[in-house]
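The structure under discussion is supplied below as structure tokens; questions concerning it will follow.
Chains: A, B, C, D, E, F, G, H, I, J, K and L, in written order; residue numbering restarts at 1 for each.
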Amino acid sequence: MSDHVYKVIELVGSSTQSSDDAIEKAIAKASKSLHNLDWFEVLETRGHIVDNKVGHYQVKVKIGFRLD
Amino acid sequence: MSDHVYKVIELVGSSTQSSDDAIEKAIAKASKSLHNLDWFEVLETRGHIVDNKVGHYQVKVKIGFRLD
Amino acid sequence: MSDHVYKVIELVGSSTQSSDDAIEKAIAKASKSLHNLDWFEVLETRGHIVDNKVGHYQVKVKIGFRLD
Amino acid sequence: MSDHVYKVIELVGSSTQSSDDAIEKAIAKASKSLHNLDWFEVLETRGHIVDNKVGHYQVKVKIGFRLD
Amino acid sequence: MSDHVYKVIELVGSSTQSSDDAIEKAIAKASKSLHNLDWFEVLETRGHIVDNKVGHYQVKVKIGFRLD
Amino acid sequence: MSDHVYKVIELVGSSTQSSDDAIEKAIAKASKSLHNLDWFEVLETRGHIVDNKVGHYQVKVKIGFRLD
Amino acid sequence: MSDHVYKVIELVGSSTQSSDDAIEKAIAKASKSLHNLDWFEVLETRGHIVDNKVGHYQVKVKIGFRLD
Amino acid sequence: MSDHVYKVIELVGSSTQSSDDAIEKAIAKASKSLHNLDWFEVLETRGHIVDNKVGHYQVKVKIGFRLD
Amino acid sequence: MSDHVYKVIELVGSSTQSSDDAIEKAIAKASKSLHNLDWFEVLETRGHIVDNKVGHYQVKVKIGFRLD
Amino acid sequence: MSDHVYKVIELVGSSTQSSDDAIEKAIAKASKSLHNLDWFEVLETRGHIVDNKVGHYQVKVKIGFRLD
Amino acid sequence: MSDHVYKVIELVGSSTQSSDDAIEKAIAKASKSLHNLDWFEVLETRGHIVDNKVGHYQVKVKIGFRLD
Amino acid sequence: MSDHVYKVIELVGSSTQSSDDAIEKAIAKASKSLHNLDWFEVLETRGHIVDNKVGHYQVKVKIGFRLD
């Protein structure tokens, strides 16, 4: 990581499966327009309740990627 | 959400399965006495260790529900 | 817990499987040199991205254990 | 406040008018079922965006009231 | 704590004696209407000043209790 | 919000009128280049002082919008 | 701001009108004994409840001013 | 508290007796040069260790007082 | 403190007497295996409730000591 | 700053020289694609250790710039 | 530090040289009107950007000094 | 970092030179008894004031190292 500069963006991924899957969803989306994705950090885990169960998880993540 | 007021309560759910399941446990309990459950926010994830493994996850959540 | 003193250490576990599994990895490692592990608290969930997916989860946990 | 014990609850008020009005909405709702409301603390100000304007403010407040 | 769900409420106890006593005052009040009180966490210690001394301590605590 | 991914950006709006208006200013600016603006969260309220009055409010907000 | 040193003080302004007005009240008071007031930062918004309405807003602010 | 402005200062009191007494020490000192002391808030409790015991407690407090 | 390096460890002391005594218990334990204990910082005060009273205080502290 | 809206982005600069230089590296990179850079705020200072020395500093900064 | 009370003030020092020098500037200014300066704590490091470089560092510090 | 577990310890390094040098001092000390030092994170920068200048910087860092 010695000479690089990284940009950090913030996304909210959502998933009906699991909180881990919501992270994957956010990363998958980011990868469609960005290269060199390097790491993520979870900021916040929340979600909506539907019929007294978790309807979907919403995980806010920071994603860091290397600038060329 | 325009005209409503929501109340937010704090519960700790526990599960031997997973941290996600501990959230479900808290929501299921809340739904027994409350209506209109709307969202949850994870505040803290912790748990007890039994025989050098996670014995059970304890997840502290805020749960928001609409007041009539 | 009445008369005891507990020590709290900080570890980062990593797993290619799930964030819960990363917690288990940290606890398993701690148990090799320490006795009386009692509880854990999640401080931070992050990870590396490989090929536009979560390469591995890295979960920073505090682990508390009873001093004899 | 010398001998009293106070309970603190958490509500989210919403208003299309202003963030201050969202606080009033939460207090008005609380006053329908509780007596001796004493103070409020703002925890979080957010809201939804509709047609590129603030659709309504959502203010999360703690409300303290004296227990008899 | 394996299968249980806990509710967490927030109280402010006050005492002219000490900050520890303010915690006791809050717990004593909670015990009049709730069962199975399990733990407390101190959130904030403050108080009023009267005649250039602590008039009374006000300690905001979370109190957790097991839901049946 | 079930299948969507949201991006969250950070803006500082300023207004000579009010802190609420500074939020509107930030949203209005964001709407010129972005679609599907969904929610905002206030991070910080500050401002400059001119002639011993608030010269203008500066409100730092996060704005979330749905990615197509 | 290049060569200057600024002092930052903390005040609580109160107003029966609005939270913005409570900020103005604090600044007005500060200006009676201090010069070169430069900026403010809101730390905390709270208030007392009177007759089930906001009796007055209390806004804790930091105020920065240039030292000569 | 309706029309007043309060100033908040920060002191560290120390005591060989107890953490509560360190608060009293800070208030006693403040009262020598200030009037209308109204409330305190504990920010931080720490201290020095002497001969494997608490040598003295050091409690950092904010103290609020009414400006005339 | 000019040339030294200090290590900081985290302990939880418990006491049926008082929160201050829980700090002493943690320091006493630390002193059995470590030298040059220098300062402590309180991170968290909590405890268990037994028979509607504080059963014991649990105070999480950081303890700093000089490395030789 | 009266009528402007500012955008705030997050970058991580790295430098083998110093933590201040890592800030400069992040700003230099940002300036290649953005105009009107106005201020920075340090969020986090960390780095990698190589051969028991700081290999390079990594400083996470927010950078604010005026939108036209 | 056993019997003393300390006051803590907040200053922002600025420097075109380095973040460390901004701390020195704040201390130098404080020393012109105060005696017995004892310690400082860095609260926030930020600065202005001029010509795509750090124009000057602004470091907000708390400075503690012993009251006589 | 895929299969490893890391331990994180906390040290305070001090230096009369600079805040960066205080980090180096902490790392140098850690390296005398530990292997595989991997990264550091700055938690807190403070110091003592001597003769109205920084006497020495004290930087509290977390240091992470790989467990075998």
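The definition used in the following text is that a contact is a pair of C-beta atoms (placed from the backbone, for glycine too) under 8 Å apart; a residue touches a chain by one contact, two chains touch by 3 or more.
Just so it is clear, the structure is predicted and the values come from calculations on it, not from any experiment.
Q: Can you spot which option in G-K, E-I or J-L is basically G-H again, with over half of the contact pairs the same by residue number?
A: G-K
Q: In whole angstrom, how far does the Cα centroid of subunit I sit from the Cα centroid of subunit L?
A: So the centre of subunit I lies 22 Å away from the centre of subunit L.
Q: Just the number, please: Cα centre separation of subunit C and subunit E in whole Å.
A: For subunit C versus subunit E, the centre distance works out to 31 Å.
Q: Please report how many Å separate the Cα centroid of subunit D from that of subunit G, as a whole number.
A: 22
Q: Based only on mean CA positions, could you tell me how far subunit A sits from subunit G in angstrom?
A: Each chain reduced to its C-alpha mean, subunit A and subunit G end up 38 Å apart.
Q: What are the residues of subunit L that contact at least two other chains?
A: 9-10, 19, 48
Q: On the basis of the stated criterion, which chains touch which? Give every pair.
A: Touching chain pairs, listed by label, are A-B, A-C, A-F, A-J, B-C, B-D, B-E, C-I, C-L, D-E, D-F, D-G, E-H, E-I, F-G, F-J, G-H, G-K, H-I, H-K, I-L, J-K, J-L, K-L.
Q: List the residues on subunit E that touch subunit D in their complex, please.
A: Interface residues on subunit E, with respect to subunit D: 9-14, 16, 25-26, 29, 48, 55-56, 58, 60.
Q: Where on subunit H does subunit I make contact in their complex?
A: Subunit H residues touching subunit I: 18-19, 44-49, 52-54, 57.
Q: With touch defined as at the start, can you tell me which subunit H residues reach subunit E in the complex?
A: 19-20, 23-24, 27-28, 31, 37-42, 63
Q: Which positions of subunit D touch subunit E when the two form their complex?
A: Going by the criterion above, the answer is residues 1-10, 62, 64, 67.
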